Structure formats: C-alpha cells, structure tokens
Amino acid sequence: MINIGIVGGTGYTGVELLRILAQHPEAELKIITSRQKAGVRVDDLFPSLRGQIALQFSDPAEADFSQCDVVFFATPHGIAMDQARALLELGVKIIDLSADFRIKDIAVWEKWYGMEHVAPDLVGEAVYGLPEVNRDKIKGARLIANPGCYPTAVQLGFIPLIEAGVVDTNHLIADTKSGVSGAGRKAVTPTLYAEASDNFKSYAVAGHRHQPEIKQGLSARTTQSIDLTFVPHLTPMIRGIHATLYARLAQEVDLQSLYEQRYLDEPFVDVLPAGSHPETRSVRGSNFCRIAVHRPHDGDTVVILSITDNLVKGAAGQAVQNMNIMYDLPETMGIQHIPLLP
Amino acid sequence: MINIGIVGGTGYTGVELLRILAQHPEAELKIITSRQKAGVRVDDLFPSLRGQIALQFSDPAEADFSQCDVVFFATPHGIAMDQARALLELGVKIIDLSADFRIKDIAVWEKWYGMEHVAPDLVGEAVYGLPEVNRDKIKGARLIANPGCYPTAVQLGFIPLIEAGVVDTNHLIADTKSGVSGAGRKAVTPTLYAEASDNFKSYAVAGHRHQPEIKQGLSARTTQSIDLTFVPHLTPMIRGIHATLYARLAQEVDLQSLYEQRYLDEPFVDVLPAGSHPETRSVRGSNFCRIAVHRPHDGDTVVILSITDNLVKGAAGQAVQNMNIMYDLPETMGIQHIPLLP
Amino acid sequence: MINIGIVGGTGYTGVELLRILAQHPEAELKIITSRQKAGVRVDDLFPSLRGQIALQFSDPAEADFSQCDVVFFATPHGIAMDQARALLELGVKIIDLSADFRIKDIAVWEKWYGMEHVAPDLVGEAVYGLPEVNRDKIKGARLIANPGCYPTAVQLGFIPLIEAGVVDTNHLIADTKSGVSGAGRKAVTPTLYAEASDNFKSYAVAGHRHQPEIKQGLSARTTQSIDLTFVPHLTPMIRGIHATLYARLAQEVDLQSLYEQRYLDEPFVDVLPAGSHPETRSVRGSNFCRIAVHRPHDGDTVVILSITDNLVKGAAGQAVQNMNIMYDLPETMGIQHIPLLP
Amino acid sequence: MINIGIVGGTGYTGVELLRILAQHPEAELKIITSRQKAGVRVDDLFPSLRGQIALQFSDPAEADFSQCDVVFFATPHGIAMDQARALLELGVKIIDLSADFRIKDIAVWEKWYGMEHVAPDLVGEAVYGLPEVNRDKIKGARLIANPGCYPTAVQLGFIPLIEAGVVDTNHLIADTKSGVSGAGRKAVTPTLYAEASDNFKSYAVAGHRHQPEIKQGLSARTTQSIDLTFVPHLTPMIRGIHATLYARLAQEVDLQSLYEQRYLDEPFVDVLPAGSHPETRSVRGSNFCRIAVHRPHDGDTVVILSITDNLVKGAAGQAVQNMNIMYDLPETMGIQHIPLLP
C-alpha cells in the first residue's frame, strides 16, 4: 500500500483526488490538511464521501507527513514550492497539482504568477507529469509537476502535428472552453450560478498563465519555434474542457493515421473515428482524453478537437496516473471509471 | 459469471445498466437489443462506453436469450409483459425496469397504463424489487418488478413512519422533484434543453402513475389505510430525485432514532445527522438513498427529505442490487460507485 | 417625473430596479449608491445597461437624497431602518426592498434577523406593499415595506382560500422552490455554479425568515389562527419561484371560481385555466404571478401552484408597482414586460 | 399601423417575433399560421403571451394574407420560396427569417439545403437584411432575406477588418458557440435537456450551411477573395451566440479605433472598451451585438469577440429592425428591450 497525504483538500481537485483514491486498491489515505476546515470531518464537507473516508481535515501546522510515501498538493500556487524541500528531505515524493513546478523558466513563472519563486532548483528537478510524453522520467521522479487542465487537452491535441513537423508552428490557435469547476471552489462573484449560468464568455484574452506552459510543452517536442494564440472561455457546465485547435498545414499528411499511430498504446488517449465530434460528457468523471481530427473543405487549416474532464485527466486523475507510474503499478489502476452519461 | 441480456438498451436506464454491468465483476453482457439501432455498435451510440463494451445492438426479432441467465427489460411499459413468459419458460430470470409487473391490482394497472395486461398471472408471481422491504422474496424470485424512480425515494422516506404507526396515513403528501433524465431519452418538445432549462414546473398534479405504486407499497407495511397526495415536478438538472415528504404526527416518537434503527443494516440507505439538508448531487451516479428527518418548530408536521439518483437507486442500480441478491452475490457488488461531486 | 434614488444598487434586486426604471416613462434616476463600487460607472458593472444609464455609483456617505422624491433600498437588512428617519424628515418617500419594515412584531423581527431594531415606530407606520391586499394604504404611504419573494408567491396563492375560510388554517404547507438569484449576488460557496448547478436541495427546513412574514400576512386576512410549514428549496435556475401549496379543505367550494373572482381585477395575478401547470419561465422577466388550482382525486387536499419571477413580482417589479400606486400613475406603467420565453 | 402576418409561428423565432411585435407601437398582428397547431390559441401554446395576443393559429391552407402589409416567414427552409411569389403579387412585402433567399448562387444554395430552388428570380431581387451594410437597399425592398444567426454575429465581427483590407482574407477563422435555442424547437434527441446540459460539443465541422452565407457577405465588402474556416459549437445555454474570430494582420492598424468608427452610428452595434470580454447574457433578450477587439501579445493574430442573442439580433429582432427601415419608422422602434441580467 502507498501511504498518501493531501495538502489542501477542500477544493475541487482535492475532493476529486479523494473520490479516486478512496477506491484505489493500493492507496491508503493517511492525512489531509486544510487551514480553514481543520477538525471538520471530510464527509461533513463532502457528503458524497460518507462511508468512504473516515478522516478529518488536519491543521497544516500540525500535520506529520513522515508517515506518507507521497504527498499531493491540491493547493493554490505558492504553497507547494514553500513546503516541497522539507518533504523531499523526509523521503516523501511529491505530486504537485498546482503550477509551482510547471514552468522551467523562472522569470516567466514569476511574471505570470506574480510572486518570487522560492525553490528554483527544484523546478529544475521536477518532471512535467504528462505521461504521454514523459512516462520514463516520471517513473524515477521524486517531484512531479502535474500539468494544468488546459495544457493537458491542448498539448495532447497538438503533439502529433508538432512531432511530425507538418504545420506552421508559429501560428497555432487554441480556442478553449472550460466548465466552471476549472475556476475552483473559491467564492467569487463571476462564478456564482446566477452569473455563470445561461451565459458564455471569454476571459484573459490578453494573456493567460497556461499559454506559456503550453508553449514550453510543445517546444519540447520540436526544434522549431512555437507561438500560440490561446483564448479561454467559460461555459455553463460543471466539468469538461473542449479545446478547438487550429493549425495551418505545411505539407500533406494522413492526419487520421498520424493521430491513431501516435496514441496507439496510450490507455487514456482515444482517437475517435474520422468525422467525429467529441462531447465533453463522454469523458465526464473519467481520465480519458478523446480527440477528433478534421480538415474542413480539404483546405490547409487543420481542426483538432480535444476533450477532457478538467478535474480528472486535467488534474486529479492524471495525478494518480503519475503516481501509478512512479510506483510501478498498472498505469490504469483505480482510474478506470466509466464516464457518467447522461 | 452471470450471463446477461438487455432488452431495449438505448434509453437512459439502458445506458446506465451498461455503465454498471460493464465493470461488474460477475456480469457478462451477452446480448443487447434495440429495434431502431440494430446493427449499430453500442459505443457508437454512447461514446462514453468506448473500450468498455464491444457489442452491437441486436434486432429483437432475432435475439437468442437462451444463452442468458437473466434478462433486464429497459423498455417502455407493455414490452416486458409480452415477452416474459417465453423467457421464463427458457429458464431465464427477469428483472423488469418498466412498470409492467409493479401493480398487483390489474384494473388499477390497466387504468393508469392505458392498455390491457396480457400476463396477469405473472403479476401475481412477480416480486417487487425494493430490497429494503423484500430482500428475502427477491432471493428466490424468477421475476422482479423493479420499482419506479419516485416510488423508491418516496417509500424509503415514508416507510419508518408507516411501519411505526406514528402518523396519519390518510393524508400523506409527497412533493417530489426530478431531474429531466427521468422523462427518458425519447425526443419530445417539453424535455428539450430550451424548454426545460432555467425553468421549473409541476406536471400530472391531477394524477400520476407512480401514486398507486407508492400507495400499494406503503399499504403493505401497515394495516391502516393509506392515502397520498403526490405532486411531481420537473427540475432543470440531469439526474436526481428530491422527495419532500409531509406527514402529520399522531403520537410522539424519536424520529431520528426511528430512522437510524430502521436502516441500520441497509448498505444503500444513509440516514443523515439531524438537521441535514441532503443535496441530490451527493448521490449523483451512485446507488445511495440519503434521508434527513425534520420536525419544524416542534410542530405536529414531520418533514422527510429523501434523495436518490433516479437512474441508479431509482432504476439501473437497484436492478443490479436485485440481481446480486438473486444470485447470492455480495449485495453491493459492482454498485459501489462514489457519487460524482461536483 | 419622479426623481429617484437607489441605495445599494449592486445586487440583483438593484440591477433589476435599474432595468425597469431606465425605461419607466415617469421615472428619472438621480442617484445610486454603493460603498464598494463608488466611482464605478453603473454600466461598467452591468454591461447590459450600456447606453441606458449614464450614472456612476456614489459613495453613500456623500450621497444627497434631498433631490429625490422616493428612495428605494436594495440593501441587506439593517441598512434601511438606520437611514429611513432622516430621509422621511427630508420629505423623501421610501420603498424598502429589504426586510426591515416587514414584520410588525419587533421581537419576532429581532429573533429572525439577529439584530436590534432601531426604528420600531417606523415599523408601525410602514405599509406592507402587497398591492393585492393593501392598495389603498399604499396610495397614501410614506414608507413601504416591499414583501419578500417567497411571501409574495405564497400569500397570493393562499389568500383566496384564507379569505373564504374554507381550509384548515393551522396546517398549511408551503413547499417552495427558488432560483439561485434569490440568494443574492454575494460571493459565497453554496451558490457557486459548480455547487448549485445540476443539483437540488432544501435549506432552512428548521425555520426560515419568510415563515413569520407569511404567517403575519395571512393572519391579516382572517380571524382564524394561522400555522404554516414552510420548506424552501434551491433549484438550478437563475430566476423564478414555484410555490406548491397544500391545504386541507374544511368545506366544499368551487375553487376555480373562487380564485378567478378574487383576482378578477388584478393586473398582475393571472389565474390559469383549471388543470394548468404554470412554468416559471412563463413569467421570466415579468411582474406576473400565475396561479393554478388543483384538487387531486377530488380529495380533501387542495394543491395551489403559484409562480413569480423572484426579482420582479418578488422584488423590483412589485416595488415599482407600489411606486406607481403611491404616485397615482397607472399601476402597470413601466412594468408590462412580456416574459422572455424561451 | 402595419398589418402583419406570420407564417409558422410555433418555433422559437416565431414566439420571439410575437413577443416583440405584441408591444411594437406600429404593428398590428393580423394572422399567424401553423399546420400542426391550427385552432389552438397562441397563448395556450405560449403562456408567456397570456393577455398579450388574442389570436389563434390559422390553418395555412385557409389563411388570407391579403389583409397584411408584410408577412414574416418563421419557417424551415423551403416554405418561403414556395409562397413568396403569390404574396408579392398581392402587394404584400416579405421578411423571410429562413434561408431561402440568402444565398445568391443557386447552385450553392441547392447543395447546402438539399433541394431544388423554386424561385431563383426572387433570390436575385431579395435584399440581404443586414442593416449595417444594406440599409438603403432594405428601405426600398419588397423581399428581405433575414440573415442567419451565426452570419450576423460573424459578419459584424469581421466587417471592419475586411472593409479596411488589413487582414489575410483567405484564412479567416470563426470559432462560434451557440445556445441550444439556435437548433429550433423541433423535438430531436441531441437537443434534449439530458443530452445538451452540462455538455459542450462542436458539430458540422466538415461544413455548415452558414459558412457560404458568411463568405458571400464578406466577399461583398472587398475585392479580395475570402476563405473561412467555420466551426460551430453547441453550448448549454438557451440563448446567445459568442463568435470568437481570428485573422492574421497584413498591416498595422489601430483596431479599436477602426471598430469604433465603423459602428459609430449603428444603434445596435456596441463596440466595447479595449480589453473587454463580452458575455452573452449582456445581450439576452435584446437586439444588440457587442464587439470587443483584442491583439494578444501584440502579435499578428487579431481576436474579435462578437456576441448576440441568436433569437433577437440573430433572427426576430433584426427582422423587425428591417421592417422598421422598410416602413420609414425609427429604426429602433419596438426593439429597445434592455437585456435581462441576471
């Protein structure tokens, strides 16, 4: 059994981690912390977990993680970088669902996240936890930077094109749509039901933190320079990301075959038959990324549709996938939930 | 392994049965029929099942159920009563998710369902599949009448009061609210998104088919006469039933204790702490019924709140629970999904 | 023209007042205050009002209401009672959309609103602004206590029965369902989209502030004692209240005719044909209350369905209706919006 | 007063026409037809119109439009082209909300709409009713082809760039998102609540009927060739279109100023301040198109955000705007509804 700690378990990625880990055959949840909810039973806050988890939230100041093999950070950025070194020194592995270790260029990170990075050396060590490109490095890692929700869907969508070198990499466009849970469980006006329901809008068109993360990830797959226009939108649903990706073809290629080959052995990337239109609900509650490839009017613009559940493959599910890889477990263990439809 | 057939698998109870049975350790799905979708792959119609189910829908006219141990009917009423006898004669057991065998009084059934009943003798034999009251009979049954969605939530809510004889049984009120999936997957105008979203309404206030089913079920728990005002409402959500039940106390009783005792050993009925307000999402995708008991202002009106997922405990999950009981499997096998929240 | 001020215009009742008053032929909006948004243009906060309102929010500390004929309070409770006397002394009339002047019994008010009342004498003077019962008093009033959203729908639903003396008034039941805007625009976790969407729950079953308001209102229509079980629910829609009301008949009566007669001359109460099921969307954005009357199975339990838009007839629309009455304008002036459907 | 007829008033564009025309000061609704609902009162089908419209639906076979000045077609394609000639010969003007007269190239129309066009000469005469480009021609027209919902939002978004000749016109991208009412009121499975809610998907990526309409409209604004990748998506809301438009800059230009100048005198096109993110709810129920202009990272990709209510500016509102122009009424008459927010 793997002994597990969770830092910051009161948000949506936290409760999703709990849902998954509570039934993972090799996971034993030892401790979960929350400043605000210390002393509260986990299943009082999340009645969906009644009968599943007997723990209560611990005060982070008093938490003893030395009993843990691995600690998940489901915190806002800025927490994990502060606590990582001490945990690593205890021999505890870390899977950070926040953004602290995702961006290798510290200056870029500091610009987008608005604070000084306190552990730049650990950024260097951290492995970017996208199994579809970094499986081998994840296996031996102590510190995983779990990818962002948009970056997961967008990178998995673009990677075959980038690796094959068949598109203009300087003018990629990612028009992305996210369910509201992507904004987290913090109480703010714009994500109130009466604001976000029956409504659609873009945000952060001038610049979004996930753009440099995507750019870095795609740049690692090619020697060409990468530039990306990234426009995120908020859509009135709870879960789900739909990335609509546009690229200009630079040479002829059998797109469907390219994608099918690239993801042939990937347990969680599903390339749909030609002509498909993936729906976000077809991955609701599951760790799948489903991708469809289009070339409208046989023109030179490729349209890639890539969908995930932002809380699973875009966060907690991918984190557990990384854990499975790190501990030599079957990669799909405990994350084989069938999507909930309808 | 139990060999399983499904008749009519293209509706919401059908796809939910598929979701559950695809990962049930003792279930092997052999055949699934659909008149309209014969020849279509199941996962073409429901991409959420890609990689889970390799079958295609069979033409009912050509379906051979002799290979099956048990057949589930996920059909509109009128089908199961027509086909049940032939299956039973083949030695196949039946779990009917439709209404054909729920009402013992044939005249009442015919009045509410608007057709002649063609197998009244089988109605006599059929066991009403509410495990919390009929577990022993279910064990030995060949033919299960799986309860309706509202009747499950309403009966589980009222039963402790009725069995204890502490309320006026002639003036029960059930104000129930259902998600739109309860209306099925048939294309009709009132359940279109643009009709049912951002909207709330009652329906069938003059009389609804589930009222006699509830009345029959509650009458079986007492020697007193039962009468019930049943008002169903359609609420803009996909899944979930919320039954708000009102009864007038006839004598003093410790309500919380009454409910906790009644459901102490029930794996799927969860009596919440006093003062709770159960949310339908706390059972989304799961087989739980959660119940809270209130007595506002210490008056003589009891308010019971009972919630289920209409497609799970209200349909497919309870059907599999019944199958587990019939085949002496652990009652919770394959239906222990943790609710999806958020 | 009536010169108008609004105190606290950043919530949902505030923006709804603005929507209505911006096109009211006799209203001229002079000033609108907000502590948090002082200096911000109204149409920056609410782009729906671009081109309609040129004002910016004023600091309440610096606001001069002496130019106003009437001031609307769209504030949390506790503000209006504090400021009312000074305004009245300036000769300014007040329409208070908050709860400060609704409850005549000061002790009851203080119990439910958890603070000391600082203007009990004004409570005595205040007229409860439900035009369907108090039209004449409203005409001459300086201070209007605009009814709560639930109390409007529930009282309009029960009044004909209570006035006619045909039901058991000690066991009334109001099972009410509200859209999420009823909870206001304040950022709190339970009304986040990802919490309230695809979910249904009750709240405050042990006791809700609107229960004593309803009780007081109904008591004023009869010499009999009134008792009421009031159970509110939150439903995933933006606007709308659906009150499902239950009462036990004490004598025979032609219910449909009773309701039609009672509301014959009421411009905003619409009694639907017998057998109807009103949908909340049929009043979306309008000042109507639509009511349907049922007596299921010809039993002794009457079921009344009463719907409103909580922000219009349940708040801002009714406030303007009261203003029209106070200023001898046609009662329907400026509030004749046709509901937005779909 | 203008005497008005409506053909096919049971769909969403029909009921929206009714909502608008019922309060239009110069419109008198004389007749409304429906094959399926002949004899039914309009306000029985749409209770939101109770007290507003006393008509019942007429059988189209018996309808006498000679009393009408103008007839609106709110029908599926194929009807208006069949009936237009007879009406025009009666001296009745036509505003066709369907697609029958939108595409000038008959072969293109026939390809996309799958039927033979029976009135190609009238296509030549028809004026494309986008007031922002065709106001003068609309004034004298007998036959208006009212634009499609997507084409309205997309064209208004692209026009300033195209007219100014500052972008690569051969690689335009329109990533569009529509509320579900855009799919009409016809009962089909994909637009059921339980299918479309909490879900996001694209459709018709291989090709959509509105692509040639947009291409034709933009081509008319330039001498350059136009090509467009058009990807529509279905988003879980009732009303609203959000078009996210991408174009590659070919020369430097002050984008904000370009847009503000172009739409300076347009009553229904609202160019938002630089940096804005328009929300669809900010036009809900209104005839506005709001546009924001972005140039992320000062790169060469322009991002235009253009929103409308698909049933108003995208259909019924624009139709009445055209009527106002045709009859020399103030262009904004009867379509000045303030958006309903929240």
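Every chain is named by a letter (A, B, C and D) in the order it is written, and numbering of its residues begins at 1.
As a convention for this text, a residue touches a chain if its C-beta (ideal position, glycine included) is under 8 Å from a C-beta of that chain, and two chains touch if they have at least 3 such contacts.
Labels paired with UniProt names: A, B, C, D = N-acetyl-gamma-glutamyl-phosphate reductase.
Quantities reported herein were computed from a predicted structural model and do not represent experimental measurements.
Of the two chain pairs examined here, B-D and B-C, the one linked by more C-beta pairs in contact is B-C.
In this assembly, B is the chain whose CA centroid lies farthest from the centroid of subunit D.
For this pair, subunit A with subunit B, the centres built from the Cα atoms lie 36 Å apart.
Taking the mean of the C-alpha atoms as each chain's centre, subunit B and subunit D sit 45 Å apart. The mean-CA centres of subunit B and subunit C are about 39 angstrom from one another, to the nearest whole unit.
In subunit A, the residues that touch at least two other chains are 12, 179, 181, 185, 194-195, 197-198, 236-239, 278-279, 281, 284, 342. On the side of subunit D, the complex with subunit A involves touching residues 171, 173, 175, 177, 179, 194-195, 197-203, 205-207, 227, 229-231, 233, 235-240, 242, 244, 246, 248, 275, 277-281, 284, 294, 296-297, 299-301, 303, 305, 342.
Of all the residues in subunit C, the ones that touch subunit D in their complex are 12, 15, 19, 22-23, 46-52, 181, 185, 197-198, 238-239, 270, 272, 276, 278-279, 281-286, 290, 311, 336-342.
Subunit B makes touch with subunit D in their complex at residues 12, 179-181, 183, 185, 187-189, 191-198, 236-238.
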